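Letters A, B, C and D mark the chains in the order given here, with residues in each chain numbered from 1 onward.
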Amino acid sequence: MNGDTSKVMSIEMAVSRFMSDGAHISIGGFTLNRNPMAAVYEIIRQGFKELHVYAHSNGTGVDELIGAGCVDKLEIAYAGNGKTAATCIRFRKAVQEGTLKVEDYSNFMMSLRFLAGAMGVPFMPTLSGFGSEITTIWGFSKEMRQADPKMADDKLLIMDNPFGIWGDASKVLLVPAINPDVTFVHVQKADTMGTCRIDGLTFADVEQVKASRQVVVSCEELVEPDDLREFPERNQIPFLHVSAVCHVPHGAYPTAVYRHYDYDSDYLRAYAAAAKDDSKFVTFQEKYLYGVQNHQSLLSLIGQERLDAIKADARTGYAVNMKRG
Amino acid sequence: MNGDTSKVMSIEMAVSRFMSDGAHISIGGFTLNRNPMAAVYEIIRQGFKELHVYAHSNGTGVDELIGAGCVDKLEIAYAGNGKTAATCIRFRKAVQEGTLKVEDYSNFMMSLRFLAGAMGVPFMPTLSGFGSEITTIWGFSKEMRQADPKMADDKLLIMDNPFGIWGDASKVLLVPAINPDVTFVHVQKADTMGTCRIDGLTFADVEQVKASRQVVVSCEELVEPDDLREFPERNQIPFLHVSAVCHVPHGAYPTAVYRHYDYDSDYLRAYAAAAKDDSKFVTFQEKYLYGVQNHQSLLSLIGQERLDAIKADARTGYAVNMKRG
Amino acid sequence: MQTQDYSLKEMMAIMAAREIKDGDIVFAGTGISMLAATAAKNINAPNCVIFFETGAIDSIIEELPLAVADPRVMYWSASNTGLLEAFATMQNRITGDRVIAILGAAQIDKYGNLNTTAIGDYHLPETRFSGSGGGCDVASFVPRCIAFMQHEKRKFVEKLDYLTSPGQLQGSGSREAAGLRPGGVNVVITNMAVMRMDSASGEMYLDQYYPGVTPETILDNMQFSVNISQAKQARPPTETELKTLRQKCDPQRLILG
Amino acid sequence: MQTQDYSLKEMMAIMAAREIKDGDIVFAGTGISMLAATAAKNINAPNCVIFFETGAIDSIIEELPLAVADPRVMYWSASNTGLLEAFATMQNRITGDRVIAILGAAQIDKYGNLNTTAIGDYHLPETRFSGSGGGCDVASFVPRCIAFMQHEKRKFVEKLDYLTSPGQLQGSGSREAAGLRPGGVNVVITNMAVMRMDSASGEMYLDQYYPGVTPETILDNMQFSVNISQAKQARPPTETELKTLRQKCDPQRLILG
């Protein structure tokens, strides 16, 4: 370990260095858990537009990006956010108003697409989806796809099982690989070289990271490489895949980070309430997004009392008996 | 956790319950590491024959099975055992004498085949092997394959990339899924329900387990389910996949178990020396295999002194400065 | 019959819990489906294994999660992995054939096909929903799927606006013809009834109607007609079932309200 | 030149180490290839990352492993995963294009194709070897591969008995035609010489001959002829290189003998 720290930078720097208008991006986490919110808010504040976003069920972050008008195209399996929004509100609005182009897949299909990208193969096979209109209705037309070298020409393909009935399958559905330009993930621990240790569920973060050309990691704790080396089997992301490491405590707020803090139901409900009304939403964004300089300022605005209320209990990893109404 | 302990049994019982002549099996580990040797020796002692074995690089165990005449057919990527045998000796002999039918793949291909079995799809795609005679020369003929419902009709298939040049690939190679009847793995820790925690490299054990109809786990430490629940992210094998759990300390001997003990170079070299000569090999087998009643007896024969010599150092997880000649 | 001492949500949760057999691997989603799974675990199927598409297996649900990614599913589980592992567990027949799943939807048709994507034109929908999530995968892989529905005409439709998750498709043999294994939605649990799919025709029929509800009322709340000739009245929740549900499964009344 | 104070094994290890650039991801096998990787790390490429097909990344090699599954590769690594992750790292172009690999073989042909499987008829071989292992995968994926060989006529053959790992196949353009990306063996390091593949024709040529060896001796030890017109004498190991190799990389002389 040479402790090369050239990857360590602020999230502002990482976003400005690796993002660009029109970039194809993905974010880690799942609905209200471990979304890289510091990165998401910084992308919004720096004003990146016309993004092409790949998501499985990354509710909170994706809806904020859509709400801020950053996203042109979205490939997604699920746009909901648990009990706070059965369907993400700004997502719904954008789709219904025709300002967002959407391509629908399932959660497994999206995860397999990241896996294909991570493994360096053009597609992954699955037995999911036969008979579903996911296979027959395309959100992005063939023409639109053919015109963009960053998109596969086909949404997906169905073929007869080339091995006959091997594997008890008559047909297979093939989903094309995704290789985002940039992926943002938030983890509990990262070292200065970029190796990451995730506690709790990994969702599809590892595949998203390995599929990406550039990877920006934000972390609750930034440690020295030696600190993660005694138990290497606990490190799901080796530094080889990581471009930038940003130390951002509470960097997933208002989503949860297992063993660190819970989601903030108050914030998520306030967001949902505001999101339903265009003018209220502008006010909400003015206050929490554009009215703060960075994630630290947002946390100050939220206040220590609320952060204390969502602090994870040492035994369970979440905030026991937290008011979640 | 109800602590249902119905899966807990002796390795003798597990082998006799789940094995049968002609069974398709795989074993975990890699060359001289974490091979389920107690299971392998018990399979040999119980006299199971005509086995069809799937392996990537499971050197020690596979060569013992071949040496004991248990194996008819072998699908494998690598039959070597580190410095003690660049090519496994009984394997080489059996192939050269025509008593063992072999189908050659690469390590990645075999791992992908287990992954396909684990994921429940008929094949996995890869960009490996184009131009290699692995793709053109078949050890098992088409006729032999078609006659056996447990074998795919094709060794592998090459097709044009159905997504055009997506993923920078013009062609893809498809390898068929493996679903062994039984897989044997040896791990550091298992609980009574069958959940496993592996330290160090997992090789392809997790995929082999999930691909298998029955799974026999042997372990250094047998613990209560609650003992593995505080950090569930460290458990690579959930109990859903496991049929039997056998508590066999030193159950991988003479191969290594990270953080428990090293491989025994003395034994491996003695094996290699004996394996080169048919009559010496019979004597060797009489002493170490058939002359002992079970793995415990083998360990007694080996003696505490040798077991002490291979004991893992607490810092490194292996036996520091062990004589390895 | 009018003086029932349980809510319809409670009835639904218990009816679903009764579908779960001891030893089943239960795929649970958010909301009432999690409650039903927890109820089964606490009442009639102590060895059932609750698992989530996010990758948590056999979680200890001390507090009801509000999403499948809630940290409450991660606590004291047998293994915390990820989405790929969770779906592979269902796609793989060795484990997948032991799974029972609970799904929800905006629309269902008489073959148990589900729409969770959009009402109106897909490209410019009147109402957009969350989309498949894992629903399409589960309905493709799992042999026994329960759909939770509100019994309303706009939800039990003649034709789905979008077929997200495959049930019995167009009935007899069409799942297999499409490339699917047998499975998909074969039980529908509503606020009025339990409906099942005929194993030969794939069509929905009325199996049980709740106390106080008539088969005719049920038909009045659907766009399509179903066979009611085998229908019998459902057995209401027992006191023990209700007590466990209320005191052990959702003491905060997050789902029961 | 006859009084060289280094062994040919040491020369080979150092020649290979010099091929490794700082920051490279080095795929190492067993034996001398591990030694070369360790030498590079200790001498000229401190930030190179050694990784193994078994899944260990950036291991700290305090003692030389005798196999890629030796517990000595697991110690203090950045991550201990498995075979799938290791090979995916090479198949994936984002990381794979940064990899340099070291392979060995029983036979090599003039296009750098390797045989590690069998001599004689595949089905009833005269001599059976271990087989591909990860060799075929690495030679398929990795842009720069070094082959370690003993310079003998029976090893540098006109025609391989079995083509296990693809080099340049039949030369110019044939890798791409077969479906492979550019890459495969393009450097051969022997006990006499360093050979390279011409980037246009894909054919082997003599790049460097060791002190005390003539190009003619080299040709005498091969079944096929190669271009020797650009050959120059190799620079022998420096004192520093030798000292590091002996004292830091293999103090037990497990590989150096």
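Here is the rule we use: contacts are C-beta pairs under 8 Å (C-beta built on N, C-alpha and C of every residue); 3 or more make two chains touch, one makes a residue touch a chain.
Just so it is clear, the model here is predicted, and its values are computed rather than measured.
Listed by label, the chains that touch chain A and also chain D are B. Across B-C and A-C, it is A-C that has more C-beta pairs touching. Most remote chain with respect to chain D, judged by CA-atom centres, is C.
Between the CA-based centres of chain B and chain C the separation comes to 40 Å, rounded to the whole angstrom. Look at where the CA atoms of chain C average out and do the same for chain D: the two points lie 57 Å apart.
Centre-to-centre separation of chain A and chain C, using mean CA positions: 28 Å.
We define each chain's centre as the mean of its Cα atoms; on that basis chain A and chain B are separated by 37 Å.
Multi-chain contact residues of chain D, defined as those touching 2 or more other chains: 56, 74, 80-81, 84, 91, 93, 141. Chain contacts: chain A has residues 120-121, 126-127, 168-169, 172, 200-202, 233 touching two or more partner chains.
Chain contacts here follow an irregular pattern that is not a line, a ring, a star or a complete set.
Taken together, the chains touch in the following pairs: A-B, A-C, A-D, B-C, B-D.
The touching residues of chain A, when paired with chain B in their complex, are 116, 120-127, 152-154, 157, 159, 161-164, 166-169, 172, 174, 176-177, 198-202, 231, 233-234. Note for the complex: chain D touches chain A at residues 25, 46-47, 49, 56-58, 60, 74, 76-81, 84, 88-96, 98, 141. Against chain D, in their complex, chain A makes its touches with residues 2, 4, 117-121, 179, 193, 195, 210-213, 225-226, 228-230, 232-233, 235-241.
Listed in rising order, the residues of chain A touching chain C in the complex are 29-34, 56-57, 76-84, 86-88, 91-92, 95-96, 98, 104-109, 111-112, 115, 126-134, 137, 139, 158, 168-173, 200-207, 256, 258, 262-263, 265, 312, 316-318, 320-321, 324. Taken in their complex, chain D has these residues touching chain B: 30-31, 53-56, 62-63, 66-75, 80-84, 87, 91, 93, 113, 117-118, 122-137, 140-141, 162-166, 169, 174-176, 178-181, 252, 254.
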